[in-house]
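Common to both upcoming complexes is chain A, partnered first by chain B, then by chain C.
Presenting the complex of A and B:
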């Protein structure tokens, strides 16, 4: 993909007005569906090839662990995921593409990691796995893999709408010492270079994914922490409602795009 | 940000007229006060003059100045310069020192939608990471060093 300009020109000085103390960035139009591009399309040919081939995609190591965990009996109930869910290839098809999803017990949307941990705690009677632990990443990657190629399909209804709106507000809000909003980079300046990195559109279609910079697998929330740290903003704790709301908004914003977990990114 | 936006010059002028008959507005970013006149902060932020060599080092330092994340400039030795902002080449010929100073101290005054951080601001920010809370991105002295350096970029 050529270094295309983002959806909008830089705001011209001549069109500026003086507003002090603002915290919302000027609302940018959502990227039209015809212009939506996965982070994959902004990567070098080598990195794309690494993702495409299971023989070179480093995330495959986690998939193997995830499959073993899926079949392993665990917890006081002595049951494996497979005991209830059978073959993940059939039962988990599409699960990642519809998360975060409403959870009646939590009374709010939960992401895939939280959904898996709810089964561990409630159904296996095992201790929940820590965020970013190898086991949770492996299980999540294994479950998410079963949605590869499927379109993101987030259900928004009366119950989930307020959480979607909260996520969108976070995306639009200026934060941190540098006073930047996600929308400024990812809706307005995508395709352009921030120092050496091409700014992608921030679609969450590949998580958990192998990031070359991490030399390991990481969750979407870990990626979001990287951007927040860059903005010199205080990251939310893993699993915080604000993060799940933001995930919900990002997934909804990518609706219809194809899932590609576990992906590779620079 | 709704409704018609006046041009920056006009807006600053209107604000100036409303505040002080002398045509000065007080900038106030909670870090310190400085006088904005038109589209410039004519008076230096420190008594000691800025040092262009130190200023150059700050501009090139991606952890301190951050400038090259967004800007490019006449720095052939620097790889991976940004492409989100005007090239700094010739900025000393385009802008006076006072105009450069305002663009670093408080760029939002000229363009409310700007992505350029206000380098001399601590107030009105949301969820600043603990390590940076209550601190400006750069000190007054560092800003004067940068102004002195950018003023030398005449062509």
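Presenting the complex of A and C:
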């Protein structure tokens, strides 16, 4: 918002705009790639050690469940994931690093959870697993584990571009009673403190992850709902297209960064 | 169908201090929470953890409602002889889980 119109200052109007929160901040520049940091780097030494060691990372318990589910026959087709995909260690390598990815049947990008449920419905003829259910988290974590250490690799083409732009718009748009945009904290104020916690850059490289605050495993959408509630905005329901677009933007924003799934966060 | 993960070195030298890490899957419901309708959620926690080394108890821990979900315990022992180390978690609602590991002392 410019305080000048026709060369003459309008101080009263400008002041009113500031008070009412109408000022339009210029969209923050994307964080340069050399300055991008995973949330891992903002954690304490103890929490990092917890994530790095498979003997202490509590998400390992979900990985064991996920491996069992991968090999379990399910649905009317009586097929297990392993019957088509074989060993996940080979076949699922890099899958999580590429999602959200374009899905021709849905006509839009889908995230990993949606891809798993589409596979369940189509190939196994089984009922979809509920968002944040133990089984879906376990299976997603097991698939995502196979991408650990690989760079995030989101391909944007003519089909996915509009969804990426929609996700970026959500990230940049002020919303909620606090009138905040994601970008204000995560592009402009990362590294500073919000209450007692360090503001991270919001790179979703470790999902689904074990959050100590949750005392359990959770998806990226659960985390996004937390953020929206904190901004006093109404969170989208699980699986909402707005969320998947935002996931796509966040993953694209973290392109090239290393996958950590399943990570540990405070 | 709770799961546990225990980790310790497979082979150690006699007299060496061995670090043992145990991780167990449990929601550790405190008993202090209520549902949205105000009904108390009954307590459901692990009460006791016992570790035995060739049948002899070497470590014991009592758990209380303030312990985190999926409790992680790290403790040490001195390697005396080859054999088996057994881990037992017991708790509310008849919870019982046993895990064991072999250790070879050179």
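As a convention for this text, the second predicted complex is superposed on the first by the 241 of 266 C-alpha atoms of A that agree within 3 Å, B and C clash if a C-alpha of one lies under 4 Å from a C-alpha of the other, contacts with A are read in each partner's own complex, and residues count from 1 in each chain.
Please note the rule applied: a contact is a pair of C-beta atoms (placed from the backbone, for glycine too) under 8 Å apart; a residue touches a chain by one contact, two chains touch by 3 or more.
Quantities reported herein were computed from a predicted structural model and do not represent experimental measurements.
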| item | value |
| --- | --- |
| First, second, both or neither for A:184, with chain B first and chain C second | first |
| Contact breadth on chain A, by residue count: chain C or chain B | B |
| First (chain B), second (chain C), both or neither touched by A:76 | neither |
| Partner chain(s) touched by A:58 [first = chain B, second = chain C, both, neither] | second |
| Partner chain in contact with A:216 - chain B first, chain C second, else both or neither | second |
| Partner chain(s) touched by A:176 [first = chain B, second = chain C, both, neither] | first |
| Contacts of A:104 with chain B and chain C, given as first, second, both or neither | neither |
| Partner chain(s) touched by A:196 [first = chain B, second = chain C, both, neither] | first |
| Touch list for chain C against partner chain A, complex | 3, 5-7, 21, 23, 25, 27-28, 68-70, 72, 74 |
| Residues of chain B defined as touching chain A within the complex | 1, 5-8, 11-12, 15, 62, 66, 68-70, 79-85, 108-115, 117-118, 121, 124-132, 135, 137 |
| Residue ranges of chain A touching chain B (in the complex, touch as defined) | 10-11, 13-23, 25-26, 173-180, 184-185, 189, 192-196, 228-229, 232-235 |
| Contact footprint of chain C on chain A as seen in their complex | 50, 53-56, 58, 60-61, 64-65, 212, 215-216 |
